[in-house]
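You will see subunit A twice below: alongside subunit B first, and alongside subunit C after that.
Then we have the complex of A and B:
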């Protein structure tokens, strides 16, 4: 092998140069838009509209302070915190609700054999593949009749389309990996089912459980269409709220950019915390 | 609704045996555990069946009364050139996007599969486009593509290209949407295929290396067949998602200019909230539902077949 390399040092060098070039291009391709939005968020309005775009400018935090309601507030500016709060309530509530109703189903699907089991599991999975509009257009009518339109509870219910299948399938795959012998031993010693589940199974599943909860939260946070159609200003999440910076006359790039940075920062941090589990999560446990 | 009804017995990873003590519980206990989630299932099926019913009516949002009209909405779809345009546009966009994303994602996966300095960081950063809300990605690219103050036109200006109106020329707008979709989704393709490549057994590749097989041969005869379940899995997730593409378009072009970027989902949204034709709009989305259903059903069964080989993908 070494002979081979030494006989053609140039080629080997070219090869690794090519690899690093490709890596560099990939890095720029991914990061550039995200960096650009960050740069916009610390530019003053006059720098933002400068033609050609200024790369050297005096950074300002004015966009951020206006976003949180200080100083001269523009359209939608001071509402941003309310949208942010809505996102927290709806996404958090949706994950909690899914966890409460889904965790036992996930366990049952992992540990028991019963009639129709795979059909039930695949019906959950099929939520992931159904176009959301199929469900939410009739809900738009149904919710208005039931008084669920533009309520946190109504949104939390419909967000189950996103969070529940993910949670059931992922937790199921984590439960299946746990050795069943420990549970058997505890059951044989006479402990009731629930205390075995609570004191043994859940603590063992903790890392997978945490990753599942965080990923469900991120996907709920990212959702746009449910809030757009089934809510209005008082319950809509931040993904819809960002729209208010784009009025028909002009786009308030600075505040929109600042809003974007604030809206994506928490989930980027969360995503890096669970990055080992992400691909498994995004494929519903199919890729381990 | 269910993606798989048939062949549940062939899904079989080995399930843990139920201990003797609980065998009597077995009949009702798992159903009791699943009951809350099953209720949620019914909660979803109810609006779904309502949707089917509404698609057979002349329901308009601005009217209280509606009539059952049978399949008239669906027949109307066949004559509706705007709908056919949106349908064709959706399929074309999905097809072209996949043709770009799969090879590009594969290339990136191969690049990231070998050790190099900084490769770990690059792998982590690749997660970013996947984690951002698609609608916000749309806004981000709208800022990038702004004709006079956007970064893209600035980077192109040394080449004599100036003030390109990316999002207001029909063809350019279509290509911009395609480009954004590729930016969002290629990392997903790359990361799944990377997991696949990392799960490949070492021996066949070492043997091929010793025999001096060229890379093209190794790629076609070893790597591709072994990665088949991963490729099918990627296709399954990508096809259903790109067919219902909505957020990115809503944030950038809104379907325009001149319906150049109008996909089925966008056209359905407009039908409801601009023209109030709920029944007709639901008939449109049912067409997408059927396409998605058929595609995911087909790919799911292919995937289960392919993943019965021992390739690191968990078969169910």
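Then we have the complex of A and C:
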């Protein structure tokens, strides 16, 4: 009997230790590539090629200073900052554009009943069905004809294929999870529907909104093919630009790693900033 | 008799005077700024050549009044994007970097403009351009008559080559000397030397490193140059697959056996850049590959083998000949370009003596004799007490030419070919069976593509 009582906290302790161990392993598994890239980014070229890989080495910031164009080994200098700016403009613009259209679409799909409602919702989703590569050639021709090629607006427009479906569908489910009675109460108090939406529903959906915005921003930021084919030098995003460290003679792993570290920073920072919302947002539907 | 001689001399002098005066006149008369005010868009891929050209673009604009927009991409993405622009007919990029095998497909599709009419037009090409200054092998590689299975060096010129790669043997002088070995001069010695290095060093060094990843670039350069040097071929004249000829089988056996015995354990995933990096890491004794990597090997900041390397021609085959393959990077013109004359101005400027001399850097070797033979290049390529320069010069003069048979299906063919090499390496098939199967499949590929019946 006493045995049984004593062993209980023990088992409990073991269980949580096991969970932490598993979580730790998972963390290592997830973070190792990022850690490895970071290590590469502070290695000198001869340390990078060393076999077996050196764990003790003299760190250098040369890769970073070359990345930003100081003493770059690329004769023409590095365009990394320009690519980074392009990514910010295009991804930010795309999410903003999606948000403006998508909030209303999502709200309408969540709250109103109208003819062809599910068809419209499905059409949004269908943007994601077709691999980008299969539509890129006609898009290229259309963009050339309309003068959208190599413009920020053109890229923001085509990024809607990436960001809009996700945003609409996620927001729709968040709106649906909100108790409709609150809105009814507000209507009863005499608010028109837009005020209800603006003053009641939207603030309540904030965590969901934040989670959605982050996720679509990450999707947009990671996009490669649209920037490659429909953009050119002045609009090229960082995902495409970073590959310029692969030359016909050698791959500049150090600078490429440094570029990668800088390129994932916005995503990491954003994720940390609204982590609170993200977790609440993701579990939002489960808690009523 | 004497009088006749005098008048002959006089006539000769007079004629040469006129010629000199004439060229002097047209030289002054050639207007670089004829197309001032136009804007061209150029697509470049990340190479030392594009690095060298970018800072000079403002000079081009100053000289010609033509504005240049440009885009630089890594090679894989570069071909994808270019293919889309060409196939869509949009004509966004007036000029782009290109190489022989890509031009075959593009010229048949009518996507690129032949350059001959521009070259022969005195109002469009500066008289000091001097086409004869190019090594013939590099021009021939860019000339094709459109008939799959041959016709290289005939027909129209589809690209103007600016830099080039040829193949040679690079080896570790210190490692070979340590174990009392001589650099190999033929393939049997190569195979023995590779094994000896690995055995005598107790595995501290591998004998060889070569490309081996399942990618068509693994056929290019080292493998194809070596196969041809041994006396093998990719195809016979009538597009009959020859990768399973007795000579090709013999060579493939030596190649794969040696790599298995003394090559990198991860050969099947070794891309060209892995190969270069492995060699630079100092664990390998020999590599047969392009001369464009040598500058990196010899750079102490990037390599552990700088100053320790010796250079020799590709090891010889039974017939004693050397047949290096080449690659050239040059410029081609979009057939849908809306500024063709301005585009030609750019191409002739980029491949002119002056520009080529300035964009040439260690590892990005020129296609013009005058540049290669300049003092700058002799100093730049002086590694191994001038042996490197000697080996490459002999490549340019005698050994190097475009080797693979011209045809549009080259990527598919090479894809299947590297698969066969993997089957042999992994012991899934014998050399005979793997190469016979590959030849059969490759034949089907050509039939399906309509290249033969």
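Going forward, the second predicted complex is superposed on the first by the 229 of 288 C-alpha atoms of A that agree within 3 Å, B and C clash if a C-alpha of one lies under 4 Å from a C-alpha of the other, contacts with A are read in each partner's own complex, and residues count from 1 in each chain.
Assume contacts are C-beta pairs under 8 Å (C-beta built on N, C-alpha and C of every residue); 3 or more make two chains touch, one makes a residue touch a chain.
None of the values given here were measured: they were computed from a predicted structure.
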| item | value |
| --- | --- |
| When both partners are placed on the shared chain, which of subunit B and subunit C touches more of subunit A | B |
| Touched partner set for A:21, first subunit B, second subunit C, both or neither | neither |
| Which of subunit B and subunit C A:273 touches, first, second, both or neither | neither |
| Touched partner set for A:61, first subunit B, second subunit C, both or neither | neither |
| Subunit B versus subunit C as contact partner of A:146, first or second or both or neither | neither |
| Partner chain(s) touched by A:244 [first = subunit B, second = subunit C, both, neither] | second |
| Which superposed partner A:105 touches (first subunit B, second subunit C, both, neither) | first |
| First (subunit B), second (subunit C), both or neither touched by A:51 | both |
| First (subunit B), second (subunit C), both or neither touched by A:137 | both |
| First (subunit B), second (subunit C), both or neither touched by A:34 | first |
| Common ground on subunit A, meaning residues reached by subunit C in one complex and by subunit B in the other | 49-51, 136-137, 140-141, 240, 243, 246, 251 |
| Contacting residues of subunit A [partner subunit C, same complex] | 44-46, 49-51, 74-76, 136-137, 140-141, 144, 149, 228-229, 232-233, 236, 240, 243-251 |
| Residues of subunit B defined as touching subunit A within the complex | 1-5, 8, 11, 13, 15-19, 21-22, 26-27, 29-31, 33-34, 36-41, 43-44, 47-48, 50-51, 54, 59, 108, 111, 114, 116, 118-119, 122, 124-137, 139-144, 146, 148-151, 154, 157, 183, 187-188, 191-192, 195-196, 230, 233, 237, 240, 243-244, 246-247, 250-251, 265, 268-269, 272, 278, 281-282, 285-286, 288-289, 292-293, 296, 312-314, 316 |
| Contacting residues of subunit C [partner subunit A, same complex] | 41, 45-48, 51-52, 54-55, 69-77, 80-81, 84-85, 87-90, 92, 273, 276-278, 280-281, 283, 292-293, 295-296, 300-304, 329, 363-364 |
| Sites on subunit A touched by subunit B in the complex | 16, 19-20, 22-23, 26-27, 29-34, 36-37, 40, 48-53, 100-102, 104-105, 107-109, 111-114, 117-142, 157, 160-161, 164, 168, 173, 176, 180, 184, 187-188, 193, 218, 221-225, 239-240, 242-243, 246, 251, 253, 256-257, 260, 263-264, 267-268, 271-272, 275, 278-279, 282-283, 285-288 |
